[in-house]
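Order of writing sets the labels: A, B, C and D. Residues in every chain begin at 1.
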Amino acid sequence: MTFTTQLEIGLKLFNANLKQAWRDKTNWMTAGMFAITALLLYSFAFNLTGGLVRNLLPGVIWTVFLFSGIFATAQSFQQDRQNGILDALKISPIHPMTIYIAKTLTNILMLLLIEFALLLGATILFSEPLFIPQLLLIVTIGTIGYTALSTLLSAINLDRNNGGLLLPVLALPLLVPLLIASVEATSASLQEEANTAPWILLLSLFTIWSAAIATLMFPLAD
Amino acid sequence: MILNNIYELRWKVLPPAAGVAMIGMAALALITAPTEVVEGDVQRLLYVHLPSALASYFAFSVTAVCSVLFLLKRDFKWDSAAQGAAIVGLIFTLLTLMTGSLWGKPIWGVYWQWDPRITTTLILFLIFSAYLIARKSTSLDSDKSARFCSIYAIIGFLDIPLIHMSVRWWRTLHPQPIIAKLNPALPDEMLLVTLVSVLAVILVAAWFITLGIETELLSQRLLKLKAIGKANISEKS
Amino acid sequence: MQDLAIETNRLTRRYDGLPALNRVSIQITSGSRIALLGNNGSGKTTLLTILSTLLQSSEGSATILGYDVAKKSTALRNMIGFIRHQPMLYENFSPVEDLELFAKIYRVSDAREQIRRLLTNVGIWHLRDEAIGTFSRGQKQRLMIAKALLHKPKVLLLDEPEIGLDQSGLRVLDELILMRKEEDSSPITVLAATHREERVDTWATGFVRLERGQIIETTLSENTE
Amino acid sequence: MSEVGFLFAGFAVFWAGMFTYLVILQVRIRNLQNQVDMLENTIENHDEI
């Protein structure tokens, strides 16, 4: 099939994924609740009410994002698999890459919603200006980067009972460059004279790498 | 064909060659090599530390290449080879980290330093441990799991440069206490000993990898035989 | 010499070393309706799943209408309809939404008309806007029949299609698939696993009986080996 | 610990690690080989009967 038909089908599928996510929100609500709870726990554990917030906040934000994001994407193919939809798509003439991209885009969109809401909340809680364009850009690039990889890893059910725990163990070591780059970029963007350029560059590099490699690898995983 | 013939010679060539090279390396490293001026005798740990690190990279490269071959050929012997090499890689990563710590303590005053190379090695250890956990927790002849783990090994291997780069930036762009770490060009004699020791450890690693592959292949064979046995018994009954 | 719709050659699939399907070679001519018989665990589902391109064989090969199953080509997938044990449906979609998405994927022309016709034929047109998750098993099965026929496949692979169906549902299955009158010149080939052996004579043109992954009885001509 | 102590410890860890692994591998291979031989024998005998 040609590229345009794949694009057309991909958009339809993306639309269907979104509709499905919207009608059955429990998975994403859980991810959001997990993120909020983790943020609260961090503020008790590191006493984020004091003056040192600015130094700790980037690390807190990104570990919360990564943990909640990876747990949520680990489930993202779960529903399709249980419904049999994943198999229905696999035997259809749709290209596996299209299935992967549509699912990844859905995950990115849902996670960005959660993350932006969390940033807004953290702005109020810690009275730090977190909802700024530069930081939103960093969060967007970083989210694309880690979602690309974790969606790929979640696509295969390894027929085992602790699969939910396995995914973070597999994904997080690979994501070290992303974590470093995004935390550094975030803390740079919170400084007065922000020099975020090198870190955004590194972050973008990782994101392009992970998106490209995951897209190429997904058909082989089928 | 030629490659196959060479591989057939592995039991005749590898063990004696590796053994001789290792003994030679020990003698050279402990006796012949000159004592380093600044660090003293402890610098001789270089001759086990550096080769171990190179051997682990060598083993992980074998894992990655075998994973690619598995995805292309879908032959389970490549999956076995990838697993066997990954275990050897983990052993040498562990040895690298341990000898490094023992070298670091007298020189830096600490066992662990967040140096880019050390940190990358540690993350490598995590990645390939995860690979083995994922592979071993599922059935040996599950093609789904083998494919998934091959993909994971390839991604993990390709991630190494990015990890190293990010950790280096992370360290250098942070203000940190400067720790004396002299790395002058090695004198000729030391260079020679280093080369010999690298050769020796790589030979040992190659031997281990062939042994590792052998165990994985035997496990697969055993699985098949057990299945045949079961089928026979059920036919009789 | 008639065209072959399905051909397998020493098809084998192992789980944990144990063969679920053991060197099965069959040849099914175009337009025939073959019943796949055998006890639970005899390899019926494994055979159908390999033919559907979902599962990979351990050894041997299979072709459908000349296309190698292992290559999973688009052309091949456009020609297969598959109904398996479990339904393959978006639980929180309505039948129309589900079928519209798959009509898009299979590039069905006049999708709206097709969907209306099929849903009416399987008798769930009145449920067209309800969530599939609220359906009974039989209603889901009727929807699966409609879904499998949506893109006018040339080969239908059915794994116990009677599951959950009541008397009128079974009639729907007979009318639409098992005993349907050919409308067009290109006949449809059916390979259906079933436990209802007493009904086989009414629709099947032949049968294959599997036991422990091997053919023990068949009306099909033996594969020349 | 003296410098030479660290040197000794490092070499000891290295050699011990490799030897242990070698022994473990050899034992595993021998066990597997035995099991394979045993099964092959029984299966052959089975066929003859």
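We adopt the following convention: contacts are C-beta pairs under 8 Å (C-beta built on N, C-alpha and C of every residue); 3 or more make two chains touch, one makes a residue touch a chain.
Only a predicted model underlies this, so the values are computations on that prediction, with no experimental measurement involved.
Enquirer: Comparing chain centres built from Cα atoms against the global Cα centre, which chain wins on proximity?
Expert: If we average C-alpha coordinates per chain, A lands closest to the whole-structure average.
Enquirer: Could you work out how far the Cα centre of chain B sits from that of chain D, in whole Å?
Expert: Comparing mean C-alpha positions, chain D is 17 Å from chain B.
Enquirer: Find the geometric centre of each of chain A and chain B from their Cα atoms only, then give the gap between the two centres in Å, rounded to an integer.
Expert: Chain centroid spacing, chain A to chain B, equals 32 Å.
Enquirer: Just curious, how far off is chain D from chain A if you go by their C-alpha centres, in Å?
Expert: Whole-Å distance between the two chain centres: 43.
Enquirer: Just curious, how far off is chain C from chain B if you go by their C-alpha centres, in Å?
Expert: For chain B versus chain C, the centre distance works out to 49 Å.
Enquirer: Could you say which residues in chain B touch two or more other chains, in rising order?
Expert: Expected reply: 139, 225-226, 228.
Enquirer: By residue number and range, which residues of chain C touch two or more other chains?
Expert: If we look for residues of chain C contacting two or more partner chains, we find none.
Enquirer: Can you name every chain pair that touches?
Expert: A-B, A-C, B-C, B-D
Enquirer: Which positions of chain B touch chain C when the two form their complex?
Expert: Chain B residues touching chain C: 74, 139-141, 143, 223-228, 230-231, 234-235.
Enquirer: Going by the contact rule at the top, pick out the chain C residues touching chain A in the complex.
Expert: So the residues of chain C in touch with chain A come to 52-54, 74, 77-78, 80, 82, 84, 86-93, 97, 101-102, 104-107, 147.
Enquirer: Name, in rising order, each residue of chain A that touches chain C in their complex.
Expert: 1, 5, 8-9, 12-13, 16, 19-20, 23-24, 79, 83-85, 87-95
Enquirer: Which residues of chain B touch chain D in the complex?
Expert: 26, 30, 40-42, 44-45, 48-49, 52, 91, 94-95, 98-99, 102-103, 105-106, 204, 208, 211-212, 214-215, 218-219, 221-222, 225-226, 228-229, 232
Enquirer: With touch defined as at the start, can you tell me which chain B residues reach chain A in the complex?
Expert: Residues of chain B touching chain A: 71, 123, 126-127, 130-131, 133-134, 137-139, 142, 144-145, 147-148, 151-152, 154-156, 158-159, 162-163, 165-167, 169-170, 173.
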